[in-house]
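Note that chain A is present in both complexes that follow, paired respectively with chain B and with chain C.
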Partner chain A sequence: MEKLLIIKGGKIFTMEGAPLEGGYVVIKNGKIEDVTPRMEVPKDAKVIDAADSFIYPGFIDIHTHTGLWEEGVNIEGSDGNEATDPVTPHVRAIDGINFHDDGFKEAISSGVTTVNIMPGSANVIGGQGVATKTTGEILLNPSGIKMALGENPKRVYSSQKKLPSTRLGNAAILRKTLIDTLNYIEKKKKDKKAFDFKLEPLVGLFEGKYPARIHSHREDDILTALRIMKEFGIKFVIEHSTEGHFIAEILAKEQVPCALGPTITTRIKQELKFRTPETARIYEEKGVLFAFTTDFPVLPHYGLFYSAQIAVRHGLSEEMALKALTINGAKILGLDHRIGSLKKGKDADIVITNKEVLDPRFLVKMTIISGEIVYEHKSREDLYI
Partner chain B sequence: MIVLIGGKIFTGEEFIENGAIFIENGKIVKVLRRKRIPKNAEIIDLKGKYILPGLIDPHTHIGMRDEGAPRDYSDVNEATDPATPHLYAIDAYNPQDPAVGKALKSGVTTFFITPGSANPIGGIGSVIKLKNAPISEIIVKKEAGLKMALGENPKLTYREKKTFPSTRMATAAVIREWFTKAKRYGEEKRKKERDLKLENILKALRKEIPCRIHCHSVQDIETALRLQEEFGFEMILEHASDAPLVAEKLKGKVKGIVVGPLFGVSSKPESRNLSFENPARLSTYGIPVAITSDHPFNALYHLNLYAAMSFKEGLDEITALKAITSTPAEFLGVADRVGYIRKGNDADIVVFNSHPFDVMSRVEMVFVDGVRVV
Partner chain C sequence: MKIVKAGKIITLKGNEILENKYIVVEDGIIQDITTSKPSAGEFIHAEKLVVIPSFIDPATQIGLAEEGAGFNYYDSDEATSPSLPHLRSLDAFYPKDLGIKDAAKGGVSYFVSSPGDSAVFSGLEGIFASKGNTADDMVRVFPSALKLNMNYSSRIRWRSEGKYPSTKMGILALIREKFEKAKNYEKKKEKEKDLEMEALLKVLRKEIPIKISVNTRDEIEKAIELKREYDINIILQEAEDSFQVADLLKKAEIPVIAGPYFIAGRLYHQRNHYAKNLYPLYEKGVIFALTTLHPVVPVHLLYHQSALLVKVGIPELDALRSISTNPAKILRLEREAGTIEKGKKANLVFLSEEPFTKESDVVGHMLEGEMVWKNF
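Showing the complex of A and B:
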């Protein structure tokens, strides 16, 4: 039997109710065996003394391109956008991810233990995403079909003088491809030999196997996504949702989850004009399910915490800020049975810090993924990977 | 009959000292561990020499891009279509390439020629013997592998043309799409019409030939593993600069790795971990390693020195010698003909005046099919 690894707290943010002041997180075989206020520590257990530390479930970033745009490498390491065809559901992010990229190392030393890596937003239908631990352990593949509305696809293809060069074109391509998929599903019922490599991954959307994950910033783009997805009965997540605060009531009523961010960039394009640090607070007030994201490499992975800290400064509750870094992302990915909180039976993804993560002075002391200590802070130099 | 006696014979597996090799009708008919001088034979005394199987380079473009010819003279890459499994490298082999003669003088007697790495699916490579004879007579194996490519080369080739594939994701999709088609084509009971492209992929799917996958970086090696798991082909990785980082995963999955060209500096991000240490590091995991020049990227005629450098960086002597003789013969599926000094194999033999890893060593004799050509 494997020995127990026990973290002796410290303030334990279980994300399952109020934090535990002092207590134990017990790890066995990569899973959380128990979270308990008191226990008899077995003699042969390995104990991590975190008495004056803070203990969190591993942090989750539900929208990144880690390893897909390799750090410090130009086009040779850039594999996120297959910008040669606006419809590429048949490409998979996993085929382009360099799991040895510095981005992963920095994610781990920043306390980010799970990322959802997706193709970029050049294409209306960009391809298949993958949810993975930052150690490379795959959680869900595909985790969804990346789609994009708004400026990006129209900018890419108008420069190539191709459809789509307007928002109208974006929506038309999306609708047409989904209708093609429905036709294909019908055809398959009649003809067993029917096979379409490109449309095949979209069948899963209609079967509810995974959601569409739709890049949209502007209010009207978000509503276009909502309109089309309702028309076809497809589950979806809004990625970025920059103007979501204008329509937060609708998002809440329609139960549309949002990946919010990157919220701490400048307004580098027109559709970011109404980007505000208030969005998270408004989502909380209206009851929108959301999680923060860095959109790495737009922000480095540790930008996740600054996003949350700034939202708190603008009125988001600390409790919701922590949820939007942990359990909410797990729920949006459909992985809350495995990650996102410290609970018996879940994966032992745990981060120990010297201060609370909503304090910008905090430092990650240790990162544990699936029960393995994968990072330990020893000196300042550790930060420079 | 010719009998080579004395010296140190590397059989492709081990050294024999003071033995004898009997050659008749182009074949090795007997290998003895002691000297025995028969009558009625031409005796060649090789005392103090090193005798090896003719060297084999498992990955070249020799004869496809002649030395000294301008770039547009090259026939290496049919970069107009990302899936060209119906191409054969042999159709571009020019035996008048000046490199051919130089290679022979350096002791290389057999090599694999293959299409380049511009296309995710590049075409069929062949095993050729260096010999002054018409091409029809020097082909050892016409179909010895299906060349494929991942990583920077295909994506940058097609990105420039603004067509699919311009990313690693799409490169994998091209392969997946064509292999899926071929699989379905193979399952059809009555084929409506022949499809040469799919036929050749089917040979890989049925493990008649291995996939020879050009890759360097970690994600491309992992993509190759994923594709193999999906489609169940045999594979040999070409170059594979990052392979030592994921060697544990490769164990038992790859037939082997063709390492090289190692002489020089990495010219691109994906090959940044290219090193003469790679053969030794892979070998510690029990992964078979062959060494290549990738001619004309490194010169084919210094093949023994690339093995010597790998030896210097930790690869053991026997494994390093095998890496340019018997191991590539195994990879190419021609070990019954070449790569070994043993009964029944072709009498392709090279004689060095000192250890082939000695930079001062010289090739004194080369036999191809029992005929002394150098």
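Showing the complex of A and C:
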């Protein structure tokens, strides 16, 4: 039987109610065996003394391109967009990820233990995402179908003189592909041998197996996504949701979850004109389920914490900021039974820090993923900052 | 007369920290820092705040690469010829760029706005203040430097067009060719005015420094060579590998403008682009400043970026110096900015709490005596 690994806290942010001041997180076989204020420590247990530290569930970034756009590599490692056709549901992020890329090391050393990696936003239907631990342990494949509205598909395909070169075109392509899929589903009922490699991944959307994850910044794009998804009865997540603060009441009422961010970039595109660090606060006020995202490599993974810190300075509660870094992301991925909080039976993904993560100076002392210590800070050289 | 009643002042003059003082401001200048309450004037109550010198971003494209308008309104990169030293950022500066208000709110008093990245000699840059209605209201120094791109992005641009200079050799040849031409031009008694040559002469006469974007160690060494060969003042920008030659930079008294760091997606030549690599510069005493390269990273995050230096072990006051005192020195503004001292401009940032703490935010900004942002 495997020995127990015990973290002796420290302030433990379980994300299951108020933090525990002092206490124990007990790990066995990669899972959390217990979180308890007091216990008798078995003699043969390995104990990590985290008395002056802060203990969190592993942090989650639900929208990245980690390993798809590699760090320190030029075109040879640029695999985020199959920008040759606006409809590519058959391509899979997992087939393009270099799990040895420094991006993963940066994530782990920053305390990010789960990422949802998706194709980029050049295509209206970009392909299949994958939710994975940053060690490469796959959680969900596919985790959803990446889609994109707004400027990006317009820009890419108008330069190729192809449909779509307008927002009308984006929506038309999306609708047509979904109707093609419905027709394909009907055809399959009649002809068991029918198989369409391109449309097959979209069938899962209609079966509710995974959601559409739709890149949309502007209000009009978000509402187009809502309109079309309602029309077809498909579950979906709004990715970025830059102008979501304008329609937060609608997002809350329709129960549309949002991957929010990155909120600390420049407004380089027109569709980013109204990005503001206030969005998170407004989401909290109106009751929108959201999680922060870096869109790595737009921000480094550690940008997740700066996004949260800056949102807190603009009125977001600290409690919600921590949720939007942990459990909310788990919920949006449909993985809250495994990750996102420190609770008996969940995966032992744990981050130990020297200061609270809402303090801009904090450093990760240790990262544990599925019960294994995968990072320990010893010197400056260990940092990917 | 304005009087700032400050709870705490981190002057950045050495390690000086003052408590419960009055900063007396008139004509945009700090007239006095005193314990005795001045009798009259407009009081600014910052008893519960921490006052520090305001920030300076030494390398942006604010006003040129307009935000929120789309890529067609990027007016920073005249990528049509490798030699354009006579371009002037002042001529394209849009004073209503959204980034300028952000700068004011983020405590950035001055920023350099610089012509873009493709040309080898890409033009003359200037120092602007984040207040005013027109470019002429806002400009403080013009030109403040000539921009030279010896880095990857410049040569790869001309290589993609099959044009000279498309290699490091080509770039160095072009630089020398132009400098030699400028020296000859100066010797000529009777001459037609040549704007390109005039811009280069400002550097050769040491009227302004030349700011050189480089990435790798060999490019840095070439830049040092140019400094010696032509007896010019140089500033390095980006310079990801500078930690490998910190001793050389210290000896040659060459400052470095580093960053930005709230961004990933490094290319091969940027593989050492980490804030931790500034630690050796700090250790060896090389003067360095942080930049956002706005619009690469938004300018108002300059302060937040400096927290990364604290993370990598640089003392907090030196992290603050990297966004105030040091850029003031590099931009030759040290007599008027960069510290809180009698006789200097009243450029102050008001923090809600001690720097870098969880609650610490820029809640006020005084620029040359005027409150351009106040949220307390």
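Here, the second predicted complex is superposed on the first by the 383 of 385 C-alpha atoms of A that agree within 3 Å, B and C clash if a C-alpha of one lies under 4 Å from a C-alpha of the other, contacts with A are read in each partner's own complex, and residues count from 1 in each chain.
Quick note on the criterion: a contact is a pair of C-beta atoms (placed from the backbone, for glycine too) under 8 Å apart; a residue touches a chain by one contact, two chains touch by 3 or more.
No experiment lies behind these values; they were computed from the predicted model shown.
Participant: After the superposition on A, what does A:127 contact: first (chain B), second (chain C), both or neither?
Facilitator: first
Participant: So, does A:310 touch the first partner chain B, the second partner chain C, both, or neither?
Facilitator: A:310 contacts chain C only, not chain B.
Participant: With both complexes overlaid on chain A, does A:298 touch chain B (first), chain C (second), both or neither?
Facilitator: second
Participant: According to the contact criterion defined above, which of chain B and chain C contacts more residues of chain A?
Facilitator: Residues of chain A touched, chain B against chain C: more for C.
Participant: Considering only touches as defined above, state whether A:73 meets chain B (first), chain C (second), both or neither.
Facilitator: Both partners, chain B and chain C.
Participant: Between chain B and chain C, whom does A:106 touch in the aligned arrangement: first, second, both, or neither?
Facilitator: Second partner only, chain C.
Participant: With both complexes superposed on chain A, which partner does A:61 reach: first (chain B), second (chain C), both or neither?
Facilitator: Neither chain B nor chain C is touched by A:61.
Participant: Give one of first, second, both or neither to describe whether A:160 is in contact with chain B, with chain C, with both, or with none.
Facilitator: first
Participant: Could you tell me if A:95 is touching chain B, chain C, both of them or neither one (first, second, both, neither)?
Facilitator: first
Participant: Per the definitions at the top, what is the overlap between the chain A residues touching chain B and those touching chain C?
Facilitator: Touching chain B and chain C on chain A: residues 73-74.
Participant: With touch defined as at the start, can you tell me which chain C residues reach chain A in the complex?
Facilitator: 65, 67-71, 98-99, 261-268, 270-271, 274-276, 279, 294-298, 301, 304, 307-308, 310-313, 356-361
Participant: Name, in rising order, each residue of chain B that touches chain A in their complex.
Facilitator: Interface residues on the chain B side: 152, 155-156, 158-159, 162-173, 176-177, 180-181, 184, 217-219, 222-223, 226, 242, 245, 268-270.
Participant: Can you check the complex and tell me which residues of chain A touch chain B?
Facilitator: Interface residues on chain A, with respect to chain B: 67, 70, 73-85, 88, 90-100, 119, 127, 160, 193, 195, 197.
Participant: For a test of understanding, state which residues of chain A touch chain C in their complex under the given definition.
Facilitator: 69, 71-74, 103, 106, 151, 264-270, 272-274, 296-301, 303, 306, 309-310, 312-313, 356, 358-363, 380-381, 383-385
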